[in-house]
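Heads up, there are several structures right after this.
Across the two complexes that follow, chain A remains constant while its partner is chain B and subsequently chain C.
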Partner chain A sequence: MIGLALDLLIIVSLIGLAIQSINAASLFRGILHFVVLGLAMSLAWARLDAPDLAMAEAAIGAGVTGALMMIAYRRLIEIQPDQESSLRPPPSRLAVPIALAAGALVGVIGLAAIQAEPMPALAGTAVLENLGSTGLGNPITGVLLLFRGFDTLLEITVLLAALLSAQAVTRQVDLDQSLTTQDPDTPLVGALLAIVVPLTVLVSVHLLKAGGQETGGAFQAGAVLAACGVLLVLTGRLGASRQYSPLVNTGLLVGLLSFILIGLAPLLWGQPLLALPGLWAIYWIESAMMISIALTLVLLFAGAGSLKRRDHG
Partner chain B sequence: MIDIALPAIVLFLIINLIAGMLRVYRGPTLADRMLAALLFSTTTVAALLVLAEWMQLPSLRNVALLIVMLASILSLAFVGLPAGREEAADEQ
Partner chain C sequence: MTIADSIALILLLAGCAFYLAGTIGLLRFPDVYCRLHALAKADNTGLCLICVGLAILSADWQVAAILALVWLVGLLAATVSAHLIARHAHSAGRVPARSGPSRR
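And now, the complex of A and B:
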């Protein structure tokens, strides 16, 4: 009973926040509503028994997207201070009919889905039955790396392609603009970094290791590590660089390359493609992917091809 | 007893969240909205911790840990906004 009231409240606030984040009176309000929507979303995933998704939502939402949108907002009001009034185009007359039609469509499909005979979840039970032989405890990691490894390989490739296309459209002038938000020598900043940076590294390694048996994995760990990088960029410890550094490029590629090489190797001894040879291969690929995912996210945040260290005092 | 108390606590926390949402919505200054959003993170952490106990999902404690650890990033990005333009930009 209380559980039902709880879920209804979460649903109502999700809808309200979603409407506010695209329809708020000012851009800034929209950004904040979107950040809060991410938090409410992670509560919703938690209620749906999906801690993996709750974790990904929390890491990406709190660590990367909020700061990304805040920085974008700052750039916008620097370029054009009266952004707020000019950004909103007048709503089209078609908006309401289209919204009603789309809503009706969703309603009809939803009703049909509720009335349809539920199919037995064949793939899910097959995964759970075969998980024992792999040595993994977390079915999600099993699906990502063993049962549907090809999809994960393609996802990693897409992430790299996204970074390359973002770099293709970044102008060199933009790299000179600092993303640093305040005086880097503020004492509070140093204290914050001294606590948060080691903690994020520790937690991301913990999540990576936990991924084999419980909630966690390369993506969540990478997102946490990326949040650490975003923090360093925001506080001026890391800056965008024009010079391509071999270290950064190796980090970007290590996930994809390890996955491809370890995935190809089984062909040599007559096994099928991507038949990973053991737990060590899974942990190796996960660690490499964590580094690549984190670097890609930080570089996307900085809008840069490379990073360099900046020293302060 | 505990079966009723835990969901009731989560319910109370979520009602708190909705009250905080009003502050994000009404402002009036940017800093008010920002503080309300940060309060949101704190309350979400509390709700996740109670949910972890109630739903027997210990992994939710890790999610709460992440939110605590990363909440400061948003405020760091916020303090970079140019000062003095706050109300003007938000009057629309």
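And now, the complex of A and C:
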């Protein structure tokens, strides 16, 4: 009974927040509603017994994406200050028919899915049957790296491609503007960082290690580590830089390169592509991907090709 | 329902009441300083009560320790972010609102 009430509450707030985030009076309100939508969505995943997705949605969907949208908004009102106060232009006349048609489509598919005879999920049972031989306890990690490793390889590539395209359109002038308006020596900030940064690193390494057996994995760990990096950029400890440092470039590429090299290696001894040679390979690729994911997200936030340390007295 | 359960229930309800008060304050108070005051005080008390209630319900020292950590990190984040927002508002020249006749 309470469960049903909670589910209905989540559904109603999801729909309301979705409407608000595309229909808000100003762009800024839309962004805020979108962030809250991400939080409600992660609650929905948690209610559906998908803790991995709930965690990824909270860290990436609500956290990092929200930070990226905020920074994009700030850059936008620097370029076009009238965007801050201007109201949205009235939506096109096609908007309502398209929305109704899309809603009807979702409704029809949903009804058909409910009425259809539940098929035995072949892929899922196959994964669970074969999981024992891999040494992994978490079927999600098994699917991501062993059974559908090619998809994950492409995802990592897409992330790198996104960073490269963002760099291609970032203007030189934007890089010179500092992201921080706060005085870096603001009281309390140093104390906060001294506690939060080690805790975040601890949590992300725990998520990475836990990913093999229970909830966690490279994407969640990378997003938590990226949040730490965003905090360091916002408080002026890390700054955008145009000088490419070998360390940053290695960190960006290490995930993709390890996955490709370890995935190609089995071809040498006649095994199929991406037949990972053991648990060590999975943990190695996961750790490398965590570093690359975190660095890519922080660089997207900083809008820069590289980072440099900033010293404060 | 055992005594521990009833205590936990009372704590959870009290926590929700504090959250409700903090939210009403956020929506109704006149300026940014009062709203921060409502949020930082009431929500952290609410979080504390809910964490204690959940710890009693779980009856597990490990869970209780994690919940205590959750509360401490929440306190830290709320304190520093409220301080930064107030500082920014102050340096941007926001004057605290006064209601009614000003005191002489």
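FYI, the second predicted complex is superposed on the first by the 302 of 313 C-alpha atoms of A that agree within 3 Å, B and C clash if a C-alpha of one lies under 4 Å from a C-alpha of the other, contacts with A are read in each partner's own complex, and residues count from 1 in each chain.
Heads up, the rule we're going with is that a residue touches a chain if its C-beta (ideal position, glycine included) is under 8 Å from a C-beta of that chain, and two chains touch if they have at least 3 such contacts.
Values in this document were obtained by computation on a predicted structure and should not be read as measured data.
Asker: So if we stack both complexes on chain A, do chain B and chain C clash, or do they fit?
Answerer: After superposition on chain A, which the two structures share, chain B sits beside chain C with no clash.
Asker: Touch test for A:Arg29: chain B only (first), chain C only (second), both, or neither?
Answerer: A:Arg29: touches chain B, not chain C.
Asker: Considering only the touch criterion stated at the top, classify A:Met55 as touching first (chain B), second (chain C), both, or neither.
Answerer: first
Asker: What is the contact status of A:Val196 with respect to chain B (first) and chain C (second): first, second, both, or neither?
Answerer: both
Asker: Name the contact category of A:Leu300: first (chain B only), second (chain C only), both, or neither.
Answerer: A:Leu300 contacts neither chain B nor chain C.
Asker: Just chain B (first), just chain C (second), both, or neither: which does A:Leu160 touch?
Answerer: Neither: A:Leu160 stays clear of chain B and chain C.
Asker: Tell me which touches more residues of chain A here: chain C or chain B.
Answerer: B
Asker: Look at A:Leu17 in the shared chain and tell me whether it touches chain B only, chain C only, both, or neither; answer first, second, both or neither.
Answerer: The first partner, chain B, only.
Asker: Chain B and chain C, closest CA-CA distance after overlay, in Å?
Answerer: 5
Asker: Need the overlap of the two footprints on chain A, from chain B and from chain C, as residue ranges.
Answerer: Common interface on chain A, chain B vs chain C: 182, 189, 192, 196, 199.
Asker: Spell out the part of chain A that touches chain C in their complex, as residue ranges.
Answerer: Residues 182, 186-189, 191-192, 195-196, 199.
Asker: Applying the document's contact rule, which stretches of chain A touch chain B when the two form their complex?
Answerer: 2-3, 5-6, 9-10, 13, 16-17, 20, 25-26, 28-29, 32-33, 35-36, 39-40, 42-43, 46-47, 49, 51-52, 54-55, 58-59, 62-63, 66-67, 70-71, 73-74, 77-78, 81, 83-85, 180-182, 189, 192, 196, 199-200, 203, 207, 210, 214-216, 224, 227, 230-231, 234-235
Asker: Enumerate the contact residues on chain C facing chain A in the complex.
Answerer: 73, 76-77, 79-80, 83-84, 87-88
Asker: Which residues of chain B touch chain A in the complex?
Answerer: It is residues 4, 7-8, 10-11, 14-15, 17-18, 21, 24-25, 27, 30, 33-34, 36-37, 40-41, 44, 47-48, 51, 55, 57-60, 62-63, 65-67, 69-74, 76-82, 85, 89-90, 92 of chain B that touch chain A.
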